[in-house]
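Naming follows writing order (A, B and C), and every chain is counted from residue 1.
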Amino acid sequence: MWALSRWRPGRAFFASSFFISISVTGIIFIFLIMESFPIFQHEGLGFLSGSEWYPGEVYGALPMIYGTGVVTFIAVSFALPLALGSAIITSEVLSGRVRLVIKMMMELLAGIPGVVYGLLGISLLTTAVKNTFNLIDGNSFFTAGILLSIMILPTVMTLSEDALRSVPKEYRDQALALGLKRSETILYAVLPGAIKGIAGAVLLGIGRAMGETISVMLVIGSLDRIPRPFYNIFTTGQTITSKLGREGAEALGVGYHWNALAGLGLILFLTVMGITFIGNSIVGPLAGRGINNKMKQKKR
Amino acid sequence: MRLKIGFICSLMLLSEIVFLPLSTVGAEKATIKMAGSTTVLPVAVRAAEKFMAVHPGINITINPGGSGVGAKSLGNGLVDIGMISRHITDEEIKNFPKIDFNVHVIGRDAVACVISSEIYDAGVKKLSREQIQKIYTGEIDNWKKVGGPDKSIFVIDKEAHRGTRHVFMAYIFGDENARTRGADLISGSNNEEQTKIALSDTAIGMLSHAWINKDVKGVGIEVNGPVIEPSIKNIKNGSYPISRNLSLITDGEPAGFAKEFIQYILSLEGQKIVEASGYVGIK
Amino acid sequence: MKPLFTLKDVSIDYGTSPVLKNVSLNFDKGKVTSIIGPSGAGKSTLLRTLNRMNDHIPCFRLRGEVFFDDENIYNNGTKVPLLRQNVGMVFQKPCIFPKSIYDNVLFGVRHLCSGRKYEFPRIVEEMLKAVSLWEEVKDKLNRSALELSQGQQQRLSIARALAVEPRVLLMDEPTSSLDPTSTSAIEELVGRLSGNLTIVIVTHKLDQAKKIADDVVFICEGKLIEHGMSENVFSNPYQQQTKDYLRWHLCKC
């Protein structure tokens, strides 16, 4: 990082791309606020709390907000233990070469577009969910959550692994030298040092899960409703993104329908931006290495 | 087996999402832009291939999305030709006062009430309008009540703007925007609906009859006694109750290549494509 | 008296050329043994052989036998964590966890025998007193240990190692990153600890070895050159290489 910022052309490049991405984000933000303003005027806070959505009559975003929350929660609950487990094995147990191969595969997986996951989901996953849980149909919050967990797994895993690797080797040696077992060393010396990086990885995963559209749209069922009872995740529902994917093209440009979709977009935008921001600020400068830096500062 | 079917269907869905528009962006080519109904889509795609072969200077891009998208895109001036499988709604006319919607009927189609082959094979070969109505309102929720096996019904509805839904609901409820409290899932394109029903074994849905196959069966509609099958013959003789026109729409009289393309579809050769796609020609 | 450690014909390599070559050696109970030799001679490697810390280096290979209390510690059945509880280690750079002083002292104890919770305050006090740190930190036990000076951190490391109640303490250049005051504090500490504790200390500083060691081991390029009582080695070494090293600080082996 330091070397890069001393390299002038690089600095200019980073500055300009930073500026571009900031201004694009700003433009999107302003656009969403302007486009969604009429719906907040029209529906008031009922837009956030209403659970009925009939274009031309009433726009209530609650089922979509609920769906996004539930699906993301399921995705993280499944992805986190798996990602963390495989990150620990990769970082702490496997040899260097195997580790590189796994990292490469994970980064490759992270790059596969959502559509592909969606199509695997629509045929393989829905059938598997349906048969496993003996449901009438395999499209559900749960299916979407599982699909998302598969999609964010590589991201969460590689970033967690980076966080684990960045914990100084001395911590491991010190814990081992005191007579701790391998597992105890990981639990008490390595994980505490990596916990911030892992939290950041999870937040970035959440950001991706919330923003994913097509794959969710293909397996969630796209029905605007909060299930009854509300924790029944084996029924169909809707997320903000699947709603936008379904109705965006049709509502394009005019009317309250469009304003309402822009309002959904705004809710998602703010949430994802917030989470990504927190995630980045945790992962970026600190990520376990922070402790080391503190140590170095102390020494001077 | 079912998985394989689902997989093939979803690959078709992939091509719909990823590879369309079928643009071959060439330099200096005149372009005809089209969008809309996935029912009209196969006709438009095949006709466009033939048309472009004869007119190498013309490039035709076609986007799916549904009838609502077809009308909207034309209204917003995004396309030259819209594809719809229903009539233009008053709402759409009101939303785009500057647009002079000009409808060119290119064929006829039936909207079939489709069910999973398992249910069909178990004996549900016909349904009445009232029965379908009750299934969609949730009053009937088990196949047992309509002569089928003791299985819950998985009710598949469609995105509100889709032509197929307008036509189907207009017949079943007398209201093209009817609300369906009994719905369990909303699907979009014909391909998606076909996939969802093929993968289910207790589903009911609505589909252009050209998409009916051995996993997705169209039931006969019982109209005051006699049962009318969704077949080419019954569309032609007008006896099948849920049928509709497939149309291209333009803003005012089409001109230039758009006009030529529409004329091509209306020609003898074009109408053969309509029929080869599983629809009924207009002559 | 029976030696505590016995190395028989030990050779070590990390995949390429040998790092230790046919070393046979005893370490006596209750003594301070200092390992000296030029950089890269294999001092750290020899030291880490005694608590099997080399195991974690890729391609590490050992031939020969290492006995601790008559038990070959490189046997398959050896419980390595248990060995390390008996053979503690202090590193060159103090490694302090980002926790309080109190928790750092207890780091090993807490995770090894958690049944003695009520004894923790006593252990902390005792260990910090043993390393002469108590007076300096007794009022800020709950403050982060990272706030301590380098010398204090090293003494804290020693306290943490002692808390596990090892029988042997291995120290790898424990004073090389410290100021003279902290260095003499630790040298004095080593003197106090010996007797009950067997100490093996690697050092670059010959005067330090002279000051604190009972026995001296001189190795060079992986070979054991000389091993004897401190007085003898420093005043009248057997080997020409040792003489050269003591006088010129270089050796040709």
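Following the convention adopted for this analysis, contacts are C-beta pairs under 8 Å (C-beta built on N, C-alpha and C of every residue); 3 or more make two chains touch, one makes a residue touch a chain.
Everything quoted here is computed from the prediction, not taken from an experiment.
Asker: Please indicate which chain is farthest from chain C, where distance is taken between mean Cα coordinates of the chains.
Answerer: The chain lying farthest from chain C is B.
Asker: Of the chains shown, whose Cα centre falls closest to the middle of all protein Cα atoms?
Answerer: A
Asker: Just give me the whole-number Å value for how far the CA centre of chain A lies from that of chain B.
Answerer: Each chain's C-alpha centroid was found; their separation is 36 Å.
Asker: Quick check: how many Å separate the C-alpha centres of chain A and chain C?
Answerer: One centre to the other, that is 47 Å.
Asker: Centroid of chain B to centroid of chain C, CA atoms only: how many Å?
Answerer: 81
Asker: In their complex, what parts of chain B are in touch with chain A?
Answerer: 2-3, 6-7, 9-11, 13-14, 17-18, 65-66, 68-69, 72-73, 76, 91, 95, 151-152, 154, 159-161, 179, 183-188, 192, 195-196, 199-200, 202-203
Asker: Please output the residues of chain A touching chain B within their complex, sorted ascending.
Answerer: Interface residues on the chain A side: 54-56, 115-116, 119, 122-124, 126-127, 136-139, 214, 218, 221-223, 235-236, 246-247, 249-255.
Asker: Could you please specify the touching residues of chain A with respect to chain C in the complex?
Answerer: My answer: residues 95-96, 168, 170-181, 184, 188-189, 192-193, 291, 294-295, 298-299.
Asker: Along chain C, where are the residues that touch chain A in the complex?
Answerer: Residues of chain C touching chain A: 51, 53, 56, 58, 81-85, 88-89, 91, 93, 95-98, 107-108, 111-112, 146-147, 150, 157, 160-161, 164.
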